[in-house]
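Below: a set of structures, written as structure tokens.
In the two complexes that follow, chain A is the common piece, with chain B as its partner first and chain C second.
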Partner chain A sequence: MAPSDHGQQRPGLWETVNERYPGSMISKDDTVPLAPLRRPLSEARLTFVSTAGVQPKGTLPFDVVHPIGDYTFRAVPSDSNPVDLEIHQLKYPTDGANRDLNVIFPIQRLQELCDEGVVGELTESFFSFIGYNMDPDLLERTLAEDIADAVEDQLADLALLSPA
Partner chain B sequence: MSVTVARDVTEHVKPPRAVFLPFRMGHHFGVPFHTAAQRQIILAALDLVSTATRSGEIVDLPLRWADLRREGAELERRGGA
Partner chain C sequence: MTAVSLHHLKAAVASGDTAALIRYVRLHVGDGNEHVGRNEIDKAWVQALTVLLDMPEIDREFVHNTLQTKDPGTLAHLFFSLHFALVRSTGDWIHDGTL
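Let's turn to the complex of A and B:
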């Protein structure tokens, strides 16, 4: 399948960024196998992983001006109230999120789906980092592995991902 | 499951399951206070857990940014979602 972006509001994003910063964009040759869910969704434990740069107020802000990025993540308690969270990032418009965090970090909607029994449980924490990371290999060796370990530690059955 | 507004980036990264929305960056789950749309998008992504048949496939959701903006503005005008 040739890369395409029909319908995308900012077309040619991958090519544009990769041309400006060669080698900074991830490209995989192969897909990974579909992993089946091991239990019904209503009994499963869901986590949420986001590049939105959302973090609890009072935690160390992401380094949004480091030339190659910030390869750390923040654990965001899944029972958080949005008023106790804040955003540190420079690479996407936050006009919507500043009024309703759920447009990029839908923590209240996920809490509701859990309360209603649509989803069995939420992991104790969700996970957030910034998308501005210019070294894909370093990202895979460090940040991605660290988050995968954290997700596994919290016994997640499935993960909702949102690359902001 | 990935929720993306950048189809081309997602085609390069190849997550096993993805839904694409033709929305602004930073607005993957729609517009402020439009809780029904936010919920719909999450449920569509969760649905892929059981319905996806091919890894790497990107599913288009039948939502339009212009519609959501209009509906969101109306919700806000009426004072709630």
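Let's turn to the complex of A and C:
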């Protein structure tokens, strides 16, 4: 889909969100250009960053009740089995994902792509947070920076980003 | 970046626009539907009252100590947490996801 005049990829969605959550629509002009991949995908180390609210069982559940949002993330070991993971997220239907986590957090598909040599390797951890955050400045200043630092620490060559 | 979201709520606080604030709460607890949110708030209160009608044993010391010792932010968060916990305990869960 072609970007709209204000740079969003799904313009209709934003009007809907802003109608349901007044004042929630944000605009961002200082976009960062995509970095070129420096090696073939089959030699690259891939990480995965998702807003699906997926986390290892036994870790502190995401704060889904806070009216302003949760600005923390969870590291999800990339060799996890889906049965060892769970979802804490109020704002999207989780029925399908609870039957097969891969529909929202394709960890086994990425493991397979790695085993098949399509992707060179996976970072030790993937990263997950919840997308209901009403303070975009705090989101950018803390959560985004924290995840970016974690991704750098894992020496990722590329990051697959996925909204939920 | 234009931080509209939180600014919108803080501006409502500053101007005393409580209608905007309660609308936001209803949207939050109603998954984006104000009418549903109003019903959800009622549902939580009805559930709280219903549970107490049978006069169950209560840990009053816990409640008292919590209210006396915890900071306003924790108590406000507890208020939201109790809303969702009470609604969930009714078995009538309208939200797309899970706590």
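One rule holds for everything that comes next: the second predicted complex is superposed on the first by the 142 of 164 C-alpha atoms of A that agree within 3 Å, B and C clash if a C-alpha of one lies under 4 Å from a C-alpha of the other, contacts with A are read in each partner's own complex, and residues count from 1 in each chain.
In the analysis below, a contact is a pair of C-beta atoms (placed from the backbone, for glycine too) under 8 Å apart; a residue touches a chain by one contact, two chains touch by 3 or more.
Since we're looking at a predicted model, the values are computed, not measured.
Of the two partner chains placed around the shared chain by superposition, chain B is the only one that A:E112 touches, whereas chain C remains out of contact.
A simple residue count on chain A separates chain B from chain C, and the partner touching more is B. When the two structures are aligned on the shared chain, A:Y92 is found in touch with chain B and with chain C. Look at A:L37: by the touch rule set out above, it reaches chain B but stays clear of chain C. When the shared chain is aligned, chain B comes close enough to touch A:I104, but chain C does not.
Of the two partner chains placed by the overlay, neither chain B nor chain C lies in contact with A:T142.
Of the two partner chains placed by the overlay, only chain C lies in contact with A:H66; chain B stays clear of it. In the superposition on chain A, A:K28 makes contact with both chain B and chain C. The contact surfaces that chain B and chain C form on chain A in the two complexes overlap at residues 25-28, 30, 92-94. In the complex of the two chains, the chain C residues touching chain A come out as 1-9, 20, 23-25, 27-28, 31-33, 77, 80-81, 83-84, 95-99. Listed in rising order, the residues of chain A touching chain C in the complex are 20-30, 53, 61, 63-68, 87-94, 134-138, 140.
Chain A meets chain B in the complex at residues 1, 3-15, 25-28, 30-35, 37, 41, 46, 52, 92-97, 99-100, 102-104, 106, 109-110, 112-113, 118-119, 158-164. Interface of chain B with chain A (complex): residues 1-17, 20, 22-33, 35, 38-39, 41-43, 45-46, 49-50, 52-56, 60, 65.
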